[in-house]
Amino acid sequence: MSGTRLSDSTRPLANDPTDRRRFLRDGALAALAAGALTACTKGDAAATPVATGKTAPPAPPPTPREKSEAMDRMHEAGIKAFPAKTEGKGNQLMSPRIADGVKVYELTATELQWEVEPGRRVSAMAYNGQVPGPQIRVREGDRVRVVLHNKLSESTAIHFHGLELPVDQDGVPFITQPPIKPGETFTYEFTVPLGNSGSHMYHSHHNATKQVGGGLLGAFIVEPTSPRAIEKVDHDYVFILNDGTHGYTFNGKSFPATEPLTAKLGERIRIRFMNEGMMIHPMHLHGMHMTVIDKDGWAQPAPWKCDTLNVAPGERWDVIVHCNNPGTWAFHCHILPHAESDHGMFGMVTVLVVEK
Amino acid sequence: MSGTRLSDSTRPLANDPTDRRRFLRDGALAALAAGALTACTKGDAAATPVATGKTAPPAPPPTPREKSEAMDRMHEAGIKAFPAKTEGKGNQLMSPRIADGVKVYELTATELQWEVEPGRRVSAMAYNGQVPGPQIRVREGDRVRVVLHNKLSESTAIHFHGLELPVDQDGVPFITQPPIKPGETFTYEFTVPLGNSGSHMYHSHHNATKQVGGGLLGAFIVEPTSPRAIEKVDHDYVFILNDGTHGYTFNGKSFPATEPLTAKLGERIRIRFMNEGMMIHPMHLHGMHMTVIDKDGWAQPAPWKCDTLNVAPGERWDVIVHCNNPGTWAFHCHILPHAESDHGMFGMVTVLVVEK
Amino acid sequence: MSGTRLSDSTRPLANDPTDRRRFLRDGALAALAAGALTACTKGDAAATPVATGKTAPPAPPPTPREKSEAMDRMHEAGIKAFPAKTEGKGNQLMSPRIADGVKVYELTATELQWEVEPGRRVSAMAYNGQVPGPQIRVREGDRVRVVLHNKLSESTAIHFHGLELPVDQDGVPFITQPPIKPGETFTYEFTVPLGNSGSHMYHSHHNATKQVGGGLLGAFIVEPTSPRAIEKVDHDYVFILNDGTHGYTFNGKSFPATEPLTAKLGERIRIRFMNEGMMIHPMHLHGMHMTVIDKDGWAQPAPWKCDTLNVAPGERWDVIVHCNNPGTWAFHCHILPHAESDHGMFGMVTVLVVEK
């Protein structure tokens, strides 16, 4: 997912991904343009200085044509800003420490400010400073230890959503364990069951509407010991959807700060959709279909195809895309108010770039 | 989908579709009744004239029995008004002009008032004056040209949702093309890929929350070169769901202005559900089940049966109904507040009439 | 679904279900704690008596630690109260009267107050005083008579959702029958079609947003004449979801008044999810996966597995759980604000207890 410029102001460049430096330069111009735009559309006659003794006449209201042009410039500025640089990056693959054959993951939960898109910072809770938390990727049969240090101001616990563990590792306060209080450390340890491979999640199961909405969530991927032929892909993308107080996000960021997916022409990619939010998100890929292979880590009886996949809260769906159509393809939630307004695209939008 | 009377005031007539003239006469009576009803339920003592010198005593509040009867009359009036005549009809099959072997569709986008149900007109955007726009129906491998004349007051573009086209035909402003400004004409031209048959859509992909919600959408059906046996049906219905500022609609109309589906006993029909809205709509057919064959134009691995099919935004689902149960069958979204209130049925309601 | 204590205050007891007496004692303590808690969190300085001449200093605001502890106590109190005793129990299996080989079910619709969780009573409509109404369970080919006595203050009718009946038994006022007015009795009678087995529902189809939301709904289960091997289970649970004015409920009750599901280790259970509400509810089971076998009473082409099953309004989904993981497993809607707040779990939460 490297930097990819989508367009410049004179011609569509869908097939011409280019480097981050140029994007940054263009992005800066776009930001200036966006600023000018904002001033223009707010056009506030009352702010005209009157101390000169000469009162400026009030600006005429914008014509329909001017409004249309302003709308287009806002759309363009958003696209040109993509992929926008923000502070912080979630879902980074975490390397475990190995202790006596056990894969040990140390997680520290804290409260922080998280930059969702340029300049928009929200109150967040995070594992290891990341929203989503670090990506945990193990193998069926692995012995795994997750050590949680609670540096939040409230209690918490981790549920391993999709893993079929002994009940004392299930992470539900007062049902399977006491809550982990502020300042405390709690250790989960288990063997990942054979047959339980696939796309799972870990997240808080205490005051969870707030804590999961706030960012205490991450991908827990279990690699199978014997992958199926259809699973052999060139890239493997985790795609976590959320929709709480942070706004509409993919992997913790809103457009234009979302990351593009990239592939070379002819490659096959896997996308692991995971919904950690409160709403459905029917994910629509342009230009190519998706072949659905797994639901919640379990193989579907037969793969099936679609271009719009409805992902409900708590669900995981794994799809394969054969990237046989070159270009830059919009990829977004098809609940349109999650993706676009008259100010341009926002929220749950990214692209899949298929490079020739 | 011709006029079909559902009932009269004395007996249920579910198996007795009759002519539009009688419906119109009954409808007029029903409208009168509904009007009287409204006056009754609003029963406003403050409106009593006082200039006579004799103040009328305030009307007593309605008894529960009177309220129940009033509710029933409103329900009955809605049913008797069905299918109500309104101005404008969307989703009409469009015949292309053939130019050098290319099927040419001319679309003009305008802003207009659209009558969603009798007397309720909403601000709309439409292709060729229709909501949904004209139905485009081509065949795999066809060469197709879509010429869009933008007579809106703002820019637009068309995305062919579900078609796997070259990226410069994908219709996403600033990613694959410039926006089409007011007054401009833009031409899309492409060969419909082999293997890409099924129920697709075309719609705006610019300021789309407003433009698609406003009506810039239509069915794009691709016939296969070799239909499967299960696809050989007696009627083929397109059923587009929407839920924006126009209210809850099927093919651009709300009950009682929705159109009934009709079939003769023993016939098989295909229904192509397409959701262009922002919400799920679980479609429930009474009396017979639906056999789901396709998702987003792609065959499901095996057909499967249901009576309530959840259709999410951007999705298309194709089903077959074997019309083996005679009668007039309610057919509605099962989110009940999308279909009924104490004022009767409204919004996402129609019927399937199976004639003996 | 007998009483099951989940925890005490000193240690997690996930594998140790115990008796109701102890639960009640603990529950009383928990209620006291909860009451003290409420007073503490409301901590209202203005209520301090001033007539003593000595004004008490205002209480300091709670520290973060105190707030965290208060939150934990509310969570604990909820869990300890589970399964909480309330007045009324819905979905009770109804034994028909047999008259000339016909299974006769007498239903009386009334308005009443329904206790959704301890101390929270809501205005409801109910069949035979139950929300959901009595569970009707018949066999394919049975002759069935349902006699409805309408003792509501408004008209009603029953639709047998999922059954493929003659149209005059379909229960849609003004389309298939007149409304059943207050004080009237109406008799439905039909033969359950062969091949129409599975998890169906009966509910009002008149003013249904209010009447179904209010409680006029129940399970209508049709046993097959030849069950499939996969249907042979140790327990068969009906699990009706609702989300109207009663709040988020399972079988008419909100946590902690929901009922636990129970099984012995190694048993196989069937769960029949039915959504009578207005929203989707993705049901998540901890600890074990669910194998989906039927949709709306129709066998899926092949069983498939998941741990989170999205159930939309009007849908029924049947799943099998092989209870091979001992413990007390949270089982809840994964739209988190339907299941938990900072005051603890509520609404759409129960547990599956797998006893060793």
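The chains carry the letters A, B and C, assigned in the order they are written, with residues numbered from 1 in each.
Assume contacts are C-beta pairs under 8 Å (C-beta built on N, C-alpha and C of every residue); 3 or more make two chains touch, one makes a residue touch a chain.
Please read these numbers as outputs of a predicted model, since none were measured by experiment.
Its C-alpha atoms superposed on chain B, chain A is turned by 120 degrees; the angle is given in steps of 5. Of all residue numbers used at the contact between chain B and chain C, under half are used by both chains, marking a mostly different-residue interface. Measuring from the averaged C-alpha position of chain B to that of chain C gives a distance of 34 Å.
For chain B, the set of residues touching two or more other chains reads 280, 301-302, 310. Interface of chain B with chain A (complex): residues 153-155, 159, 161-162, 164-168, 170, 172-179, 181-182, 205-210, 212-213, 278-280, 295-298, 300-302, 310, 312-316.
Put simply, chain C touches chain A in their complex at residues 6-7, 11-12, 14-15, 64-65, 67-68, 71-72, 75-76, 79-80, 280, 282, 284, 286-289, 301-308, 310, 325-330, 334-337, 339-342, 351.
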